[in-house]
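First chain written, first letter: the chains are A, B and C, and each begins at residue 1.
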Amino acid sequence: MTVEERLTALGLVLPAPLQAPPGAKLPFAWVHVVGARVFVSGHGPTNADGSLARPLGKVGGEVSLEQGYAAARLTALAMLGSVKRAIGDLERIERWGRVFGMVNSAPGFDRQPAVINGFSDLILEVFGPERGQHARSAVGMAELPFRIPVEIEAELLLRA
Amino acid sequence: MTVEERLTALGLVLPAPLQAPPGAKLPFAWVHVVGARVFVSGHGPTNADGSLARPLGKVGGEVSLEQGYAAARLTALAMLGSVKRAIGDLERIERWGRVFGMVNSAPGFDRQPAVINGFSDLILEVFGPERGQHARSAVGMAELPFRIPVEIEAELLLRA
Amino acid sequence: MTVEERLTALGLVLPAPLQAPPGAKLPFAWVHVVGARVFVSGHGPTNADGSLARPLGKVGGEVSLEQGYAAARLTALAMLGSVKRAIGDLERIERWGRVFGMVNSAPGFDRQPAVINGFSDLILEVFGPERGQHARSAVGMAELPFRIPVEIEAELLLRA
């Protein structure tokens, strides 16, 4: 099964691009391909229409651990949507490299890995244990843009 | 126009190296070149003489958004100064890869992208839209060294 | 002298793997090798038996600067232990690339570089000044998993 077939089998849909403010021209690329390297900018959780997913805020505060896990899962889908728009076909991805998982953390919240598992679990489900394997950090941020609960940056590698 | 010609046309000057404490021997390199990869350590904003630029502190607190944007712009110049000292000629840079923008953030400040735009805008101005394109994250840190308002890490790629 | 001989000469021992909760299956790899690139997940300080080293908490608060430095040194050993288990022989490492040093920081603590020096100093001691050279950031996090005082992520490069 291809990645897209697995997504379909799981009932998952890649969302539309993040809704940017009208007229905004971003001075960076969501996904930047150089040779076989795919640099992926920090992504947050979005709904199918590209709006920011709720709830916003800090995990361990107004956002529960379970909601943080779900946000990390949505972040994986948002990232795969961006990557697909950049490279055309997700089958071009040979391996995952590095995942940097940032959790907007309420004071004293120290379960960042359990939140970012929402991302890693989805990647392993759709890419399988070998192709989806990745190195990872899961850490607690003071603040994130627009009060998103999770932001994740990554590097992937294309087939030669 | 070369990158240095564009800097000159914009009236911009690359600053001297960061003034380190007397006798300090850093156990890392500001710029570390391995093959075609240029790993750039986290840089902060400096004045032309290599002293830390003011104001220091948290954006959204004692540092305004506009001052944060200006600090990110100065950080780009500091980084280009370090890269030039390491590789000799900025024309050797073929592409930008990844930019990781960290904003020393006051509680509740969530406009990190508007701050780090000071860095991205400058890079695009002097490298142009294709060569200067990059992936980016812009996130909120609890604290940064010496209370700098912005710290930015990057990876660039040299011509083969 | 090899890296392992230098470790022995310094009286240093690579610790056992991090003790994970019973039954836990991690959805990521501590060390992920793709071609010549070695992506290393965020590591924290451990004791020889793989338990988390004490003290836990924030540097500049319940953890002193000196204890933070020691924690960063233990983190280097934990990372080398993981890398050795992944690649078999530390002599396969040709160069260090990037080190991202995160310090669990009490409010107002701004000496993250002095903490992460515990990591960099050890790497330079055992790999030497050329092979151990690296780019580095040292920054202040709001929270880290399990309240570890230091977490460090890295990329290394293998011999061709």
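In the analysis below, contacts are C-beta pairs under 8 Å (C-beta built on N, C-alpha and C of every residue); 3 or more make two chains touch, one makes a residue touch a chain.
Remember, predicted model here, so these are calculated numbers, not experimental data.
Novice: Would the interface of chain B with chain C count as same or different, where same needs over half of all numbers used to appear in both copies?
Specialist: different
Novice: Superimpose the Cα atoms of chain A on the matching ones in chain B and note the rotation angle, 0 to 180, in steps of 5 degrees.
Specialist: Between chain A and chain B the superposing rotation measures out at 120 degrees.
Novice: So the centre of each chain is just the mean of its C-alpha atoms; given that, what is the distance between chain B and chain C in Å?
Specialist: About 25 Å separates the centre of chain B from that of chain C.
Novice: Among the residues of chain A, which are close enough to touch at least two other chains?
Specialist: Correct list: 100, 141-142.
Novice: Per the contact definition, I'd like the list of chain A residues that touch chain C in the complex.
Specialist: Counting only chain A, the residues touching chain C are 95-100, 103, 105, 107-113, 117, 120-121, 123-124, 133-142, 157.
Novice: Please output the residues of chain A touching chain B within their complex, sorted ascending.
Specialist: 27-32, 34, 37, 39-42, 100, 102, 141-147, 151, 153, 155
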